[in-house]
Structures are given as C-alpha cells and as structure tokens.
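Structures given as structure tokens follow.
In what comes next, chain A is part of two complexes: it sits with chain B in the first one and with chain C in the second one.
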Partner chain A sequence: MRTPVTTPEHDSRADGTAAIRQPAQRLPLWVNQRLGLLVLTVALAALFGLLRPAFLDERLVLFPLLRDISTLTVVALAQMVVLSVGHMNLAVGRMAAFGALFAGLGYDRLHLPLQLGLLLCLFAGAAIGFLTGWIIARTGVSSFVVTLAMDFALLGLVSLLYSALTENAAFTTQPSGLMDLRSTSLADICVGPVCGSPAVPQMAQFTVLALGGLGFLYTRTRLGRELLLTGANPAAAELSGIPTGRRVILAHALSGLLAALAGFMAAVGTGTFRASIGDDFMLPSFLGAVLGGTLLTGGVVSVLGALLGTSLVGVIRKGLDLLGVGLESLNIYLGCVLLLALSADRVRTVVSYRKVVRST
Partner chain B sequence: MITINDRGARTRAVLRRFSRSTTMTLLCVTLAGYLALGVASSGEFFQGPSVRTFLQYLATPILIGLAQMAALCVGQLNLAVGALGGFTACLTGVLMADDGVPAPVAVAAGVLAATLVGLVTGVFIVATRINGFIVTLGTMTILLGAQYRLAGTRTIDGYSPTLKDLGRAAPLNLPLVFLTALAAAALLAAFMYRATAGRRLLAAGGNPLAARLSGISTDRQIVLAHTLSGLLVGVAAVTATASLPGVNRSVGGDWLLPSFAAPIIGGVALNGGSVAVFGTVLAAFVMRLIDAARAQFSLDPSWVNFLIGLVVLGTVVGGRIHQTHLEKKGKAQGRTPPAPVGPGPTAEAAPPNAGGAQ
Partner chain C sequence: MRPPTRSVLTGVVAVAVLTAGSAACTIKNSGASSGAQAAASGKSGTGTAELADGSGTKVALVPGGAHPYFQPWKAAGAAAKKEYGLGDVTFDETSEWDQQKQNNLISTLAARGYNAFGIFGVSPTDINTTFADLKSQGFAVASLASCPAGGTDKADFCLSTDVEVAAYKAAKAAIGAMAGKGTLVHLTGNNVDANTQLRIKGVDKAVKESGGKVKLLQTVTDVDKDLQTAQKAVSDLLAAKGDRIQGIVTTAYNPAVAAADAVKTSGSRAKVVAIDDDAKILSAIKDGSVAATVVQNPVGQAEVGTWALALLQTKQCTMRHPGQIIDSGSFVVTKTNVGTYDAARTAKTEQLKKQFADTVLVCE
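Our next item is the complex of A and B:
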C-alpha cells in the first residue's frame, strides 16, 4: 500500500499497455513479461504432456482445465480493474457469491430464462460493487478496509439469505440450457465438416467477451486512460480535470460485475448455486493479475497478462496433480512459483533497466 | 535534537489523547454490550463458567489482532497470519504427538519456527523489494500447503495432557491463555510506547523518508515488524493448541479477517505509523461479544460475520466523518491536509500523523 513506484517497473512493464507510449527507447524483447509467461506456460504444458500423455486428453483434462482457467481469468480481471485505480477488492469471492445468489434466486423463484438470470446476476454484482466504490469515494477510507468489511458483511449476508430462502442452502433449479452451457465445447459447433476442438468449453465465450471489452476499454477509450491515470497519480488526475471519485466508483462497479460473472460461471461449472461459491477466489485473483504484470500500486494493467498468469497457475496446478503430487503439496509449489516468478521478474527488470541506462 | 524531542513529546501527548478517545468509545461499547448480554441472559452471563468460556476464546483473537498490528505499524500487511498460526499449531501438535517431543521443547520450537518464518518473510520483502502484500500471499499459500502436509485430514489430539490442562486452567475464573494474551499485549505496549526500537518501528511506518533521513534503517524495521508479527502468531498458535481439544488443518483458516478487523476497529492506520494495543484488545473483546450474543440468542453463525463487517465499516466511516467534521469546525492547528494518495488515513490515524508524519 505504499505509493512510491520505482521507475524500472514503469519503464519495462508499461510497454504492453497503452498507458504510456514509449518513445524511441524500447526495452529488449526478453524483458516482456507476457511473452515470458506464454513461453513458460506452453513449455510447462508440453513438459507435462510428455511426462503424462493423459495431460493432453482433450475431453477429460483440457476441457475442465480450460473451464477453470476461463472462470479464474474473469476473477483475475475483476481484481485487475480495481488494481488499475490503485485499489484492491478483497471481496471478489463474496461478490461472486452475491451475484450467483441472485442468479439462483431468479431461476428458482422467478423462473427466469438463462440469459435473464445472468443479467440479474451481473446487475446485482455491479450494484454491490457500485455501493463499495461509492463508500470508498465518498469517505476516502482505504479500499482495503472497505472491501474487507464488505467481505465480512457479504460472507454473513449471503449465507443468511441462502438459509432463509432455500431448504438445503443451495438453489438446484436449473433453467433449460444451463447443462448445455456447462458441457458444450467447440466440438459441438461445426461449420460444415470442420468442427472445433473439444477442449475449448463454451463458457470461454464469457471470458473472451470480458477480455475483449476490457482490452478495448483500456487501450482505446478515454475512460480507460482516465482510470489508469487515476491509479497512477490520483492528485494529478484530479488536477487535470478527471472526476477521480466517479472513476473509482466505476472501477469498483466493473469489478463487482466481473466478479458476479465469475460467480455465475463457477455456479454453472458445479451445477448448483450455493454460498460457498467464490470461497477460494481471492488468491487466484491476485495471482493472475500480478503475475500478468498488473501493478499493485495502480496505473499499469495488462488484460492479456491476467489470462496468461491464470493459465500458468492452472497448468501448474493440473500438471502437478496429474504427476501425483498430492493436494497437500500443491499449495507449497504454487506459493514457491509465485515468489520465484516475481523475484525473477524483479531481477529481469533491474538488469534490463541497467542495460538501457548504460546504452544511453 | 530539540525538535525531535519536542515532536516526540507532542506525538506522545497527542497519542495519549487519541487513545483515550477511541479506547473510551470502545470501552463504553464493551461494557454496555457486556451488561446488556448479562441482563438478556438474566445474570447467567456474569457467572463463573460463562465468564471463563468467554475469556477462554478471547485469547486467540487478541493475539492475532496484535500480530497483524505489528505488521501494520510499518505499513505492511501480513496475509499469512492464519496460515502461519495453523502451521505452527500443527507443527507443535505433530512434534508432541508423533515424535514424542516433550511439551516445553515443542512449544518453544513452534514459537521459534513462527518467528523464523516471520524473519524470512521480512528479509525476502526487503531483499526483493516485492510488495509485502504479494509476498505474504505467497508465504500464506506455502504455509497452507505445509500445514496440510503435516496434519493431513486427521485431527491431532494425542499430545501432552499437561499442556491441555494448562490451556484449560483458570485460576479465579481467569483462563491462563487469556492471561498470556494480556501479558503479550502489555509487553508489546511497553515495547511500542517505551522502547527505542519500538519508536523506530513507528517512525519508519509513519514516514519512511523522514525516518531514513534521521538515520533509521527502514529495511531493518520491516524485517523487525514481520519477525514480531511471526512471534505473536507463534504465541497465538500455542494458546490455540493448548485450549483446543485437538489441532487439524482447519486451525487458522478463519483467522485472517478477524486479525484485520481487530486493529482496524481499534484505531490502527493501515498505512503505518500508529499502534493502539489497548484498542486492539478491546476490539477483540467487542468481536467476542458479538459471538457470545449470537450464541446467547442462538442465531445463525453467519450473523457474526455480517455484524463484524458492519462494525468495521461503521467504525472507519464514522471516524472519517468525525474527522471531516473536526477539520471543518476548527481547522485543527498545524494539521497538514490529508495525503492526496487514495488510501487516506483513517480518522484515528490522523492525530498521531499530525506530528509531522504525513
């Protein structure tokens, strides 16, 4: 929660984002964090595939893996949006549960069709995010505290609502199309004789939409730039006429919306709408965003990086699982990977910065 | 040098005044809540066994709140509080039950291990300059895995009966574990308010640049804060091991949120530079009261989280409004305008920072 941002980080990581156009000085290609992530992910996937050919089984391994990655990428994006204004959202998981609650309620009580339920879910998520953002912007209290309190409050509220509204703490009514959405892959969509890969789940459409939308927002629109500026330097942003309060609210509302989308996807993945959805979202949300190159201090985001970071974690998790590394040790390795990746990144940026400085 | 002394004196005076105001509110809330609960339970709540249970389960919240506070005072967050506590508890349990290590040695080993983990975390943060939030997120993941590996799916309960007796012992209806927590709080208060090392910690947290310019190594303070945090988590884990019927992999799973809630309600600023030992202890009291009230009226356990969330939100928002009100009213003398950076100091944080920190 410190604000000083060292220059090397800004110089090297900003190249993927449109926040700062680099002048003539471009850093060497090997510093590009996203490229490194991509290479690492592909290499690891190939390694796991060699060691355990079952890893490349499209239906049984890759399909659920990609479904998980799709969901967690949206979670990472939800975190990334608030990180872009220099805030945090500790309540991503709870907001996901909150959104999923409304979707389940819509299907169970109002007998909504699939799409309308999803809309209700997104609306609920955006509303709770808006409320959080409003409190933060209005009172100026640190986002960490407010979202922490929100996490507590929603943790209680969602369970209370589930136990009040349902008999066994879960909505099990499934509207038509939900099962299809869960199990459909590109293999079911054929253009003439050519069918897609059975490894890609239909749910990935939401992730692609979210990625595209956010990519457009941050690279092409004025609004996106204003969000980044608010994160990079709130005082300067305020002085240059950006309504920072409103941008903060927007970021939190967007985060709530994305979290609710992730909650919906997780609920579709498991088939029931229950309070435990989103319990384990907090760690992946930070992992994906931070590994992808988004700065905790705000002002620098990487939309694609969120996907790549999440993929790396997903591949490692699945690969180690197939290699027979027990659940208990999985977390140890994941934590080590996180720390190692960040340290390596740190070393890389410092070294490359020195090189650039020396060459000028 | 005179100015520093002056500032020290002034800060202390301001600090004393502020702690009086926040803690007074908390004290009143605690007393009123306790009395109300007593009346609602028609006096049963004041009787020995009830008091004992109440205090028995207060030790861990106090200690983890203090552990988080130790990290917060230099502006660091420690997300690994719960995981480290669970790991230490399981380590102590496994050492005693499986390896037959005598209880005192196992307890010492547990506390030492927790302290060491804190030290390593601090060194890692300082060496790599990665944000402490992310580093502790990483250590949290590693420790969760380590805890699962130690305990697996079993519950370890075959450890030293002496330790369990000590954990349940309660002379004069005051459980030993609660007294341990209070002693730790007193020691921490003495360290923070009286010792030079403690003052250095606060200086480095309040304004790292100024601290560095006046010859304090902020790096060393960060390492010290994490070590201290680890030590306190270790003590918390020992009290948990002693008072719980057994340890398993769920120990520590629900420590993270309360560990933040206690210092925040108690009036500690997230961006460093302030501590409120007594406030944190009282805030743990308030949270325990909510839990006791829930049990008294046999409500859904989810109410506790919901209410704690509202209390945290109410405290910070209320404090903020109070501060804005004060600023409007009197333009408090010598107060610098609030920092332009997003996470502004909470109301309780502002007065100590006014002594030239911000």
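Our next item is the complex of A and C:
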C-alpha cells in the first residue's frame, strides 16, 4: 500500500507539491497535474461564461462560488494533512460540526467576541483531532476504523448537545462582525481610490492563511518533511529517528483544527451554528485533495492542488446549475469527475513508481 | 521522548495568524439593508387582485431537496405559469438538503434572471439570512411549506402547513382511534431541525390534553432519512414493544409509509395515523390498516405562492404585514372522507387566494 520510496531525500517543488522522492527528475511541464487542473478550470469557466454570460456575474455567481470554494478548500486541506501521513479522516465533517458547536456555544452562552469564539472553535477541533491521533498512535488501529468510530461518536454527541442546549437545535446568536464577515468582499477594502474585486469574499482570507501555513509547513520545515516521510514509509521514518507516533498525532490534530475552521466558515456562510454543518464534507474533502495531486497512500501532498481540485468541482457544479441541468445529470457529471480523479491518482502512482524503478 | 515543542509552536503560530485574520476581516459593512420592506398602510384590500402583466416575472420554486412532498409543485407551477401568463416558472430540486448548496442554487437562479422565489429552506434557523439577502437585492421572496424558526420571517410571506397544529391534529386523531386511552409512539424526522421540535410539541400537547389516559411511550426521531431506515426503526419498535403500543402517530413521510406497511404485515393492533397522501397510505386507509392521515396542501402552496409572488414582483401589490405567516391548511383524512378530501383541499386553496386578495396583500 505504501509508495515505494526508500530514501528520505527532499524535493520541494515551486508548484506547491511537496514530496519525498528519489533525486529530482521532473516530469515535463505538460504532464504537471496542477497546471492541467488550472488550465481545465479556466477553460471550463470561459466555456460556461460563453454559454451563459451570467456566469461572470460578480455578485450573484462568482462571490458565492468563491465563498464555497474557500470553505471546501479548507475541508480538502483537513483531509490532505492526514493523507500526508498515509491516514484518512472519515470524521472530517463531524469534527467541523464539533468545532462549530463550541463557537456557537461561546457566542450564545459566554457572549464571546467573534475572534475568541473562533479560537475556541479551533481549539475544540484540534483537541478532538489530537484525541483521534492519540488513539491511532497508541493502539495501532487503522485510521479508517478509528475515524469512522469517531464519526459515529461525534454524530451522537453533537446532536445530543444541540438538543440539550438549544430550543431550535441551533445557536442563532450572531456576534458583531459575523454578518459582515459573511457578506463583505474585497470591494469593501479600499486603498485610496482603488478597491478590491466584489467577487472575492473576505472569508477567503482564512483559506489563504491555511494554504500559506500548510505550504510553508510542507515545503520549508523539517517537521513537514517528517510528516511526509512518516506517510511514505513509516518503518524507514521510525528507523531514521522520526517520532512517527507524534507526527501522526500532529497530523490528526491539524486535521481537526482545519476541519473546525471549515465548520466555522460554513456556519458563517449560512448564518447559524447547527448540527448539520459538515454533513456532506467527506466526499469533497477527498475529491479536492486527490484531484489536486495528494496521494491516498501518503507521502505526497499538494497544498495548491487542493485549492485547484476544489475549484474545478465548484466551477463544474456552478456551470451545470447555470445551464439548468437536473439533479440526476448533475450527480452523473460529478460522479464522473470523482472517477477521473481516482484514476488520475492511480496513473500518477504508476508513473512515479516507474520513475523510481528506472532511476535505481 | 522529547517534548513536542516544535509542533506546539507551529500550532500556536497558525492559530495566532488565523485570529489576527479574523480581526482584520470586519472592516466595514457592505451596506446591505435589513431587507424588510416598510409595511404599506392606508389602503384596504379590494379582493380583486388581478395580475395585470406577469410576462416579466420569472418565478423559481426551490425545495430543500428531492422529496415526494414537493412533486406536486412542478405541475402547480407550470399551471400557474400558463394561467397568469408568467415569464417563466421553474422547479429546481438540486439543493440536496444542504443550506449552503441551496443558497448557491438560489443565487445562480437569480443570475439566470429569476426574480421571484418560493423557497422551502433547508435549515429553518438559517433561511432568514438567505431571505434577507434576496430582499436586499429587490427580489420577491416567499417561504413555502416551512417557516423560519424563531417566529420572525424575513421573506415577504410564509405560506406553510402549521406543523405544530398538524402534529396536534394527527395525535388527536390517533388518540381518538385508540378510544382515548393507552400508549402512543411518535415517529418523526431529524431531531436537530426546528420543525421537528414543533411537531414534538404538538404531539405532547395532545397527549397532555388526555389528562393522563394516554401515555407517550417514546418519540423516535431521525427516521425520515429514507424508507429503509424508517422500516428498520418501525420493525425494531414493533418487535421490542409491539404488545404495549396502542397507537402510532407519524409526522414525517418515510416513517408514515413504513408504519402503514409494518402494521399491516405484522398483524399489530396498533392504530396508525400517517402523514401526506402517498398512494400506499391512501390504500391502507381504505383497507383499514391505517386509521387516518393528515394531508397537507402542497398544490395550494405552489399555486397561491406563485400568484402572490408575481403580484409582489410586479409591484402591483405590497404586503400589508411583511413577513406574515399564513397556514396553507392540513386535513385529517379517514375512511369516511378518503374519496372527498381533495375537494376540501381545492376549496381551501380558493379560500387562500381570496384571503391573500382581501387581507394579506394591498393592491393598487
């Protein structure tokens, strides 16, 4: 199941892919997956724009599209972090709901300001992620089983807490600034006479920060490289002196933190903190990460790819919505994208394996 | 083991950066208005709200997702388009029971030129935010088949079944079928949904009114996900407590169909009160295995909702009380009126239209 990588040499790519590889032998530019995704996304956006000029409507189409992409990119990053150590997080949606529950509780009961509520939310997410990682590291049970169990446990716990603490099964208290955060775009930020685009939501700042932070972690720090080696070959990592158990815990804690951030963003996007937040995060989390070039088997991540993968799915969905495609066809198209994503992952695994074989 | 200083440091830095980010995000408001229009005053309804020209009105009927309840909206919307000469009426069920997806779908429909919206909000606690958004952009908005939670409605109006009253009626019918005594079970939908909480309240109220003669054995929630879930829940319930149950009241579609089936096949003597008028439920009422069903008025919601939205969108009429909640009606159907209830429902739709023209709308 592991990517056949044997030596911990580091390859940090300028295009955002971080991987542990044999001496760098770059694929030609035209095979670059991220470039391909970017071209495909832009081409599809242009096509939809031609077919339906309304696609380029900044306020009604692009703003909500980018807000959605911002949230789902963070979801994909939450999955990507655990994929980097060769694990998966099936509880990504419930961790989002768990984090959002604490933010809502903070605003409703403790009357916290917006920032402190967000901190509480992130802390709760990181804590539940830490616990999950700790269980996996201590027991050695597969992450699939542990996160699946965590998903069920949180499903019950979150519903129970909302029912016990609220009348309408949601925290509706909105701290000052929450609605601004939801509806403001870069057009509200001006430097002199120059204002930003009304298509870019201010909420995207969280995504940019998460992308920047993770990009830095995986390409510039030893910790990031250790995470990747833990994913690529845990035995080799252990023998190299890397505390793999702690790296696994860190990856899950980070995943929980990012999931909670996505939960907060989803709550801000719709208006209240409720139990159903994150209900359908799991599929987009894998879709965005894998489409972007992160290997399901661990050891290779692409931070920028998570954004591009999520954007492609978002653009296709929005375009089909605009063309008035019905529910059944919409899901067929989205299913095809998922299938293509998984096939592409397999092709890339084979290609990188052959490269390794050829060079040894 | 050395302490994980570096991991902690990375975490702290990430959190600090995010917090700083959120502090920087609240620079200024976009100036969106609250969306509530001022109440029109001084004019009285004439009762003759004839739509002058609806050709510029494009109405979108947006349910929360695919569900048999909303299927009549499709035909009712198409009929309203023809009858009132509207620009277009579309029915789009691609929200997939997700508020974020529904919000995106609605803004996409707005970009496609739709200017009046009849919406069943996925999340009753969130939908007011969506309504306020749409109102601030000048669209006509109706909350159909479900009202926002918390008593405030930021749409122009809410035309919906009063779910608490419908659940109360259903529980009353069940208690009646049980001859006023025994134990009752309530099967319903998603527990973390404001409407489910109202349904539970309605059933509780009816049980309390029995003065202790009827006991609510259990309220089973979260069994409306799909028919299979509901079937499993009902068969488990009958296997465990079947001999102690005299009545089953269902306030959600899937458990209603499942309970009707299970009682028939297991030979249980429990009296079942269902919801809606699925063909299976109607045939079960005819053969006596289901005591009654509480039928709602989806056709009336779509028909009257579309018509009223067109009047509001063309500015021919305004709301007398913006955000008013109007009950679209619910009807208890038993073996005696199973053949005639549809006439009562059509009459209710006509009466709703008159109510809108007379008292709800103020027209020029």
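Definition applied: the second predicted complex is superposed on the first by the 317 of 360 C-alpha atoms of A that agree within 3 Å, B and C clash if a C-alpha of one lies under 4 Å from a C-alpha of the other, contacts with A are read in each partner's own complex, and residues count from 1 in each chain.
Convention: contacts are C-beta pairs under 8 Å (C-beta built on N, C-alpha and C of every residue); 3 or more make two chains touch, one makes a residue touch a chain.
Keep in mind that what you see is a predicted model, and the values were worked out from it rather than measured.
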Examine A:T310 and indicate which partner it touches, taking first as chain B and second as chain C; both and neither are also allowed. neither
A:P64 contacts which: chain B (first), chain C (second), both, neither? second
Report the partner of chain A that touches more of its residues: chain B or chain C. C
Report for A:L339: first if it touches chain B alone, second if chain C alone, otherwise both or neither. first
Have a look at where A:S163 lands relative to chain B and chain C in the superposition and call it first, second, both or neither. both
Would you sort A:G86 into first (chain B), second (chain C), both or neither based on which partner it touches? first
State whether A:L330 touches chain B only (first), chain C only (second), both chains, or neither. both
With the two structures laid over each other on chain A, which partner does A:L261 touch: chain B (first), chain C (second), both, or neither? second
Chain B/chain C common contact set on chain A: 159, 163, 326-327, 330
In their shared complex, at which residues does chain B touch chain A? 75, 77, 124, 128-131, 133-135, 137-146, 148-149, 152, 208, 257, 260-261, 264, 270-271, 300, 302-310, 312-313, 316-317, 320-321, 338, 340-344, 346
Touching chain A in the complex, chain C uses residues 1-2, 4, 6-7, 10-11, 13-15, 17-19, 21-30, 32, 66, 90, 92-94, 96, 98-100, 103-105, 107-108, 110-113, 123-126, 128-130, 133, 149-150, 190-194, 196-197, 222
Chain A - residues contacting chain C, complex: 52, 54-55, 57, 60-61, 63-65, 68, 71, 114-115, 118-119, 122-123, 126, 159, 162-163, 167-170, 172, 176-177, 179-185, 187-189, 202-203, 205-206, 209-210, 213, 217, 221, 223, 243, 246, 250, 253-254, 257, 261, 266, 269-272, 274-276, 279-280, 318, 321-322, 324, 326-327, 330
Chain B partner contacts - residues on chain A that touch it in the complex: 1-3, 6, 85-87, 135, 139-146, 148-160, 163, 234-235, 238, 248, 283, 286-287, 290, 296-298, 326-336, 338-339, 342-343, 346
